[in-house]
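Below you'll find the structures, each written out as structure tokens.
In what comes next, subunit A is part of two complexes: it sits with subunit B in the first one and with subunit C in the second one.
Showing the complex of A and B:
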């Protein structure tokens, strides 16, 4: 799966999760930049991502993600 | 794989712009309660429920009125994370006509909330408290093979739960909603677990029976989470990853169905359960069309997969009747024809005596459901309407939004499962009186007069985005034309049967004007739905054949077809149409067809046939609720 395709899909998930239709995401985006992205919403975001991409992350992987770039890379790795 | 329960399969899928509709909710004034309820009536995912709940809380903090929703305040205590459950409950309650305020206790505070006088829950004075404890929150130590130790474990767990339930009951004027425990998946031995005391399986089973017994002897309400988890699959329900990450009590994707089950109970506590099931007949209670296929042609009963599928719908309806749900029928049929299977078909489970009101006619179903409601003195919000036809479902949803209309999957084998999974008939108590309720309606299978037409039918028809297409008879259509000519019984003015050769002759005859009519709509292509043959006699066209599929009745198709004939007439130097109605045992529904289209009565023949006349110039074009396409005509016709 191409990175652009991953970011398109992620954008929808982020907008849905944080209920913000104008949210723009990029590799450098972190939890600190988004209103409401606390540890609990992080888990929920990860659940939505796994469901949408039909992939599984381990708890360790979820804990190690530092920004959206890490997440997109993990998705790319897992879906090939 | 079937996934009806977890996916809320009886609810329509949400519209693509759900999030926008949600956000715009408060910007439009008026009817906020009803609009919130409508948005909640789709199969919403957990994130969508959260979006909707946000609007409810915004409305509440702005003190906007939410009537006609019924307010209810629920306390929520749990040993697990309920942050996603709480908004889901608020949004799901809307679906059931409840404006829910949900007060959640801090994480893990169960007994403390019940005992401490200034706890969050006790200060909120809720109408009920949902005690959402799962196996993680109970001291379930296993003791394989040790019956005495097992009994002690169950006793300790029950003590723990009961101390919370009883304290809430004592200290608040609120009862509890008590949950059974979804069993952990991992076995001790394997199959042996069920027979050995002290295994987790055995302990949880015993505990669940004790929880049910508690609910039966008190006013507390039972929420059978164990059953729900088994229904959707314990392997999916119990999610160690989600527990480890965030102490979610079960896989988060099941939050919508969990919330749905809680809110059904709340709705039932508020007397909002449904009480009457209105059934369609053709392709719902049996396969086939009784008016066309006849008693021998419909498929119902054992020995055939489709027949068994429809039998299971009847069994489900009968099961509901046995517990006091009133059954009614709404069918587009002649009354006598519709009753035949109930009276004479040996495989029918449902009989006329089981049906309280039997409405078979050619009027729209919203009108008929209204008549049934008034006859039974029940509000429209007590009704569930089961119909295989998506257009009928949409019509009733649009015109009678209070009526619950389950979506149905393509395969009739799943109709009964879908209806029963919907939970429309949830009950929190059951008495002998309930059981007898369906019998109170002794005057069985009666018919009631219709009231005025309901709602904006033309608006609904336009929303179907129908496209009607006209072609003269041709090679491609010939087989299907002949089939329709030889099969159609009900909407058939003259019931003249023609072979394929005769159809070809008509197409080639310069004195014959023919039409094959197709119709598509938002639900798909209905294929060829009507056949017309007009024969010239000087300046007159005799309408030799006019037949139509009953599936597209009530869509304005007849008007569109007449308009098409009239549009072609001048080009053929025709100034008069003469139509004939030749009565048969089956075609009573079209006896007034020509009168309805504005023809004047011309003559009645001895055999009962009637003749009707229309001046081509005397009928100006009218607006019809569909787009017209035509092809294959020798000379283009002005619309």
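Showing the complex of A and C:
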């Protein structure tokens, strides 16, 4: 799966999760940059990502994510 | 001890203002521990112990934004996590995943002021919800006691 396709899909997930149709995501985006990205929304986001991409992350993998770029790279890695 | 190496430690109770909670728990027979500010989580914490009932951690937001702000706005006072003590957080998580439980890391292990600098981490586990894991390589044999290095008595 190409990064552009991953980001397109992630954008929809983020917009739906945070109820913000204008939310723009990029590799450097972190929880500090998004209003409402707290622990409970982080859980919801990760569950949505796993469901949308039909992949399952380990807790260790999720714990090592520093930004959306890391998330996209992990999805790409696990999708191949 | 169970197959995951988890021992119940406390229930995490989020409240906007602790006064009524402290009053009620005191009347229930709880011993209210000293409150501390945890800069890693930007919340104030106080452990409450009872000889027969489960320990309760009172969590209140600080002046700055905290992880429980939205939760409190949405739900009001609520028990929102269960804490388990474990000798090794990583081993416990691997054991849960090995048994087929989906585990989502919410926050990586960080030293906790309230627990003598032992690492705590938060995870979401399907079928259980949000859990806190307190890593204590040498768990005490007696019931846990209030830490002696509390720095702030005001919630």
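Following the convention adopted for this analysis, the second predicted complex is superposed on the first by the 80 of 80 C-alpha atoms of A that agree within 3 Å, B and C clash if a C-alpha of one lies under 4 Å from a C-alpha of the other, contacts with A are read in each partner's own complex, and residues count from 1 in each chain.
Assume a residue touches a chain if its C-beta (ideal position, glycine included) is under 8 Å from a C-beta of that chain, and two chains touch if they have at least 3 such contacts.
Since this is a predicted model, take the numbers as computed values, not measurements.
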item: Touched partner set for A:29, first subunit B, second subunit C, both or neither; value: neither
item: Which superposed partner A:19 touches (first subunit B, second subunit C, both, neither); value: first
item: Which superposed partner A:48 touches (first subunit B, second subunit C, both, neither); value: first
item: Contacts of A:60 with subunit B and subunit C, given as first, second, both or neither; value: second
item: A:40 touches, of subunit B and subunit C: first, second, both or neither?; value: both
item: Partner chain in contact with A:75 - subunit B first, subunit C second, else both or neither; value: neither
item: Touching both subunit B and subunit C, residues of subunit A; value: 39-40, 43, 46-47, 58-59, 62
item: Residue ranges of subunit C touching subunit A (in the complex, touch as defined); value: 67-71, 90, 93, 97, 102-108, 121-124, 130
item: Touching residues on subunit A, where the partner in the complex is subunit B; value: 15-17, 19, 21, 39-40, 43-44, 46-48, 51, 58-59, 62
item: Of subunit A, residues touching subunit C in the complex; value: 36, 38-43, 46-47, 50, 56-60, 62-63
item: Complex interface listing, subunit B residues touching subunit A; value: 19-20, 23, 46-48, 50-51, 54, 81, 83-84, 241-242, 244-246, 248, 252-253
